[in-house]
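One structure is given below, represented as structure tokens, and several questions about it will come after.
Chain IDs A, B, C, D, E and F follow the sequence of writing; residue 1 opens each chain.
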Amino acid sequence: MNDKRVPTGIRGLDDMLSGGFLEGSTALVRGAPGTGKTLLSLQFLVHGATQCDEAGLLISFEEFPLSVHRDAQSIGWDLAKLEKRGELHLLFTSPQVLMDNLTSPESPLSRLLLRSDIRRVVVDSVSHFRKLTDDALELRKTYNVLTNALKREGVTSILIGEESRADYVRVEPGQLSYVADAIVLLRYIEIDSAIQRGILVLKMRGSDHVKEIRRYEIERGGIQIVGLFEGREAILRGTPHRVQAGFPPQ
Amino acid sequence: MNDKRVPTGIRGLDDMLSGGFLEGSTALVRGAPGTGKTLLSLQFLVHGATQCDEAGLLISFEEFPLSVHRDAQSIGWDLAKLEKRGELHLLFTSPQVLMDNLTSPESPLSRLLLRSDIRRVVVDSVSHFRKLTDDALELRKTYNVLTNALKREGVTSILIGEESRADYVRVEPGQLSYVADAIVLLRYIEIDSAIQRGILVLKMRGSDHVKEIRRYEIERGGIQIVGLFEGREAILRGTPHRVQAGFPPQ
Amino acid sequence: MNDKRVPTGIRGLDDMLSGGFLEGSTALVRGAPGTGKTLLSLQFLVHGATQCDEAGLLISFEEFPLSVHRDAQSIGWDLAKLEKRGELHLLFTSPQVLMDNLTSPESPLSRLLLRSDIRRVVVDSVSHFRKLTDDALELRKTYNVLTNALKREGVTSILIGEESRADYVRVEPGQLSYVADAIVLLRYIEIDSAIQRGILVLKMRGSDHVKEIRRYEIERGGIQIVGLFEGREAILRGTPHRVQAGFPPQ
Amino acid sequence: MNDKRVPTGIRGLDDMLSGGFLEGSTALVRGAPGTGKTLLSLQFLVHGATQCDEAGLLISFEEFPLSVHRDAQSIGWDLAKLEKRGELHLLFTSPQVLMDNLTSPESPLSRLLLRSDIRRVVVDSVSHFRKLTDDALELRKTYNVLTNALKREGVTSILIGEESRADYVRVEPGQLSYVADAIVLLRYIEIDSAIQRGILVLKMRGSDHVKEIRRYEIERGGIQIVGLFEGREAILRGTPHRVQAGFPPQ
Amino acid sequence: MNDKRVPTGIRGLDDMLSGGFLEGSTALVRGAPGTGKTLLSLQFLVHGATQCDEAGLLISFEEFPLSVHRDAQSIGWDLAKLEKRGELHLLFTSPQVLMDNLTSPESPLSRLLLRSDIRRVVVDSVSHFRKLTDDALELRKTYNVLTNALKREGVTSILIGEESRADYVRVEPGQLSYVADAIVLLRYIEIDSAIQRGILVLKMRGSDHVKEIRRYEIERGGIQIVGLFEGREAILRGTPHRVQAGFPPQ
Amino acid sequence: MNDKRVPTGIRGLDDMLSGGFLEGSTALVRGAPGTGKTLLSLQFLVHGATQCDEAGLLISFEEFPLSVHRDAQSIGWDLAKLEKRGELHLLFTSPQVLMDNLTSPESPLSRLLLRSDIRRVVVDSVSHFRKLTDDALELRKTYNVLTNALKREGVTSILIGEESRADYVRVEPGQLSYVADAIVLLRYIEIDSAIQRGILVLKMRGSDHVKEIRRYEIERGGIQIVGLFEGREAILRGTPHRVQAGFPPQ
């Protein structure tokens, strides 16, 4: 991890990250279903492949690779084309096989990372690691092995974390939040009788970052940061209220 | 899943869905008892059968088929007539038998889907899959098998999810919300000392959708979207309050 | 279940139910202790027996039949007289014996229902069914058997559900709320430093119904619906607050 | 249970109870430690013994009888004198022994009730019955046996229930609230930066009662009802707030 | 327990207690870490030893006696000097050994109490009794044995209870709150963006007491009661809010 | 522990601590991930090594020492240089090995502390001690052994505690909060639609300290205390609201 920035290609988010993730760092992107975690991560890979000449790898534990293609296609990206060009690699595996690969320097994965000069990795999602153990400390150890292996390869990575409910800042089993270098939260936020989405960079080790909760939308072309949430309190709880005339007068 | 729309026949909801569900997609419709999940799903099937020339299949795990007929009848639909014409099929089975069928290409269900050219499927309700396993990851795998099988058949489907309490956005065991392409929430909302119902499209993979929470009523003829919830905060918690004069002045 | 109405005899409630429960339907009446669930149910039976020429049956799992007589007596009904005339039957049994009876066409209960031409049944309370099993799905199956048996007999029935705390809409173990055709909630509501009672018809399959939460009192003669809860928010949480001057101005 | 009233001797409370408990009824008095449950019950016994010529029995499961004497003495009652005169009986026993006694007509307790013409009984506290069983339904059965036995003896009784936290209306394990004829709640209520006490008659089978939450104090001479809680909302939650200027204007 | 008062030496607290604890009574002092429970108790012992000629005993279950000396020293007391003079005794033991001692009249502890004419005892903290048993009723019995033994010796005692979170009134496992004669609560309270401390006498058997929540500080010389919390609501929840202009106007 | 102060080098924090931690004391620093617990602790060690001529030791249970170097480097400190000069020692071990060392006077750790004249110690993090036992009392004993050993060596130490959620004051398993001499809380606080950080000295045994919650930022050069949170209520809950015009007028 050095001062070099790895831009996500989401301009507003890169602004929030002071230019992008730090090279070699591991970011945790957490959010409830539908908040766009996978899209954000794909955008990160596609941007690397098409704009930065950095090959990417998506490691998924779901069993239906077509849905990833559809997700990408729905906002206008052709992953298959990137795959054919060797700019993007999709790996559908299990947490156990991934861990076995990561801890063996001669594994197919290690060879792939090396041979294809992979610079960006996404793991979708780390929630599947709970399959490996029920024990919180064992899980923490697993997360350490995972992030250390990714660091050893020198890649910049996003770990997707699934949130089961919309609440305040909370640490998941295994406390991956402590291991990750950066934490990005995606939230549903009810504003004016509608559901909007908010993004927050909660933590970024070794870098300044924007502290504001910003509004984003998912559109053709990907995620767009579109504004702020002004005049509201308790945004992170999901159902904020308008700030009332206060004391002392502001 | 392509760009073709499969309208539900509930005009206001089709507006919220930008024309309807995407063909081949799987939607999760969640709500507490009495919010009208089954009615919404029947309306989806009846509309397909009578207006779009698309045969439908209702898979139910409850043991008393008459209640489905009564539900439909109560808002003016004659399911028996549609059944006789082969435009609607009702299947009363168990989760285990359904899964066995879905994983076997020569099963009676597969033959039915093929032979009758079923285009729309409703599963009422996915909560019964918890019978099959206590393990959250095993359940998730089951949901994957289910949705993949439905996709393989090319049908557009609604999975009904039973909510046990009215709260904020929450993920059910097995995290079906991550597997589903679209999520529609039905809610009781207390307004002006009365119980109203609200509908929200929380997520729709590969499509734009309305983000507002809208008010609906269950009437003869089915579900009607009838308006908005203006000037209220925390609607998704079920007991919203009026927005108060705020700061900065609006 | 058809369009014929079975009035409860509580005029305000019959108004809320668009005339009464639907014939052959099963209603779940839920409330905390002291909200008057048993009284409401007795009133339903007494009204049937004395005003509609419909014999009634109260099935109770408590061990002290005198308390039912006292309850009734306290608001001015003489159950013993109705029993003597064969217009009312009181059955004190166990959940297991009831289930055995319901699943056997030749059982004493079946003969009673037939011989006495019972048209209305009350089960007080379904909470005792939890004695039969710890398993939520098994319990749900039991509830299905129960309601299906009641439907098969063609009777209109009330199932009493005991709530252990006053909160928002919540589904009990076994999810009887999904099985019942109608749900009526009874609630304690703190208004102006006193405890009042509120009633709400949350769901009514196949019928329109009033959506307002209405105020009722327990008086000599039975339950009386006496008004509304105007200008209050969050009534269903039990401790509502006055609506404040809001935005936009009302 | 008939229409005859058994006054508690606490004038304000007797007003709330329309004159007193109904003869032969069983009341549950619930409250957190220090709210005065035991004092209220002793007052009930002392009033019966000294003003109504009704002998009383206090059944306690605690092991230190002196504390009861001290409690009484602290507000000016000499229990020992009443004991000597045979107007008051103190029984220190265990739940198991009590149950054995209650279910045997020839038991020492039965003989005591008969011989001494006991008319009022207090059980302090029913929480100790949880010693007998972990099973909620078994506990409920025990409560039924207890209250039925008390009724069979024709006595008017108070069962003391210990609340472990101050919240809203909640049913304890074994659901004694359903078995009791009357429920009286004692609460700590924070008003104007001080702790006050509030009393509420939540339920009274077969009788009208005051629905207001009233303020009481513990003084020499016993419990005194001293006023209301006007202009406050959510009193039952323990930390009420002032009613704010509302809509519609009041 | 008689009418004689045992002053704590904290003038403001003695005012709240109508002069002090009752002689022979057992008080429970509960609070979160850092609220000053141990200091309050030491002040009670030091005041007895230096101002009232009453020897004191501190029973501690922690393993490092120096910290007690440091605590005392930090606010200006020299416990070692008091120990040397026989006015203060420090006993570092285990719950099991304490219980064995308390139930044996010939134990070293009993001899110490007698020989040294101990009048005041502090047990720091009763939370350690949970080591003895997991069973709530067994724990309650243990607390009864403890308090009865202290009463039998005629000493006035403080039992320190550790609270694990700041919330409303709550009963700890074993329900010591019911056994104690007095309950004193210490709380953190956020006021004007700072943490203050509040003290409340929740219960005092056989005595009048102040009901207000008062503000205190820990200073050289010990605990000082320094004022009230005026114009705030929900103080006991720890994060109170200013009272707003209410209805009816106050 | 005496009156000598051990400054952290964070000027605003030293002001809050009346000059620094007390020599020989053990402070618990708690916070959610990203609040800067490790940075604060490193700053404490670096300041000691470079400004006070006090050698420091960081004991870590994580497996990747490089991340500590990176953390430090990111805000401008070169730990390796300090290590080379013998002013800073980094020890990567396990809780079990640490405990074995601490309880043996001849252990390598003891020799290191002695030989290198270590004056400041940081343990990152105490959450790993839960690996040693599931039992809360056993854990408490472990914490006692740990803090007593640190005191015996005469070092001033910081124990890092990981908080899993942002809420109010809460005691962790094993109740280290009772054992620690000082407690410092780090919090995320949502203000004006952005996430800020707040620091509070909750407890400081034997010393006066600032009670205000202060705002801090993490910048190049380390943690900076930058201001207050004025005009807000419920700051410690993480989502404060503006103080409203209150009663009585302020």
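One rule holds for everything that comes next: contacts are C-beta pairs under 8 Å (C-beta built on N, C-alpha and C of every residue); 3 or more make two chains touch, one makes a residue touch a chain.
Quick caveat: nothing in here was measured; it's all calculated off a predicted structure.
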Common touching chains of chain F and chain A: none
Minimal step count in the chain contact network, chain A to chain E: 2
Chain whose Cα centroid lies at the greatest distance from that of chain D: A
Self-contact between copies chain E and chain F, residue sets same or different by half: different
Centre-to-centre distance between chain E and chain B (centres being mean Cα positions), rounded to whole Å: 59
Separation of chain D from chain E, taking each centre as the mean of its C-alpha atoms, in whole Å: 29
Chain B and chain D: spacing of chain centres that average the CA atoms, whole Å: 51
Two or more partner chains touched - positions in chain B: 230, 242-247, 250
Overall pattern in which the protein chains touch one another (line/ring/star/complete/other): ring
Circular arrangement of chains, read from chain C onward through chain D: C, D, E, F, A, B
Complex contacts: residues of chain B adjacent to chain A: 1, 137, 141, 144, 147-148, 151, 168-171, 175, 177-180, 183, 200, 202-203, 205-208, 211-213, 228-230, 232-237, 243-248, 250
Sites on chain F touched by chain A in the complex: 32-34, 62-64, 66-67, 70-71, 73-75, 127-128, 130-131, 162-167, 188, 190, 193-196, 219, 230-231, 238-246, 250
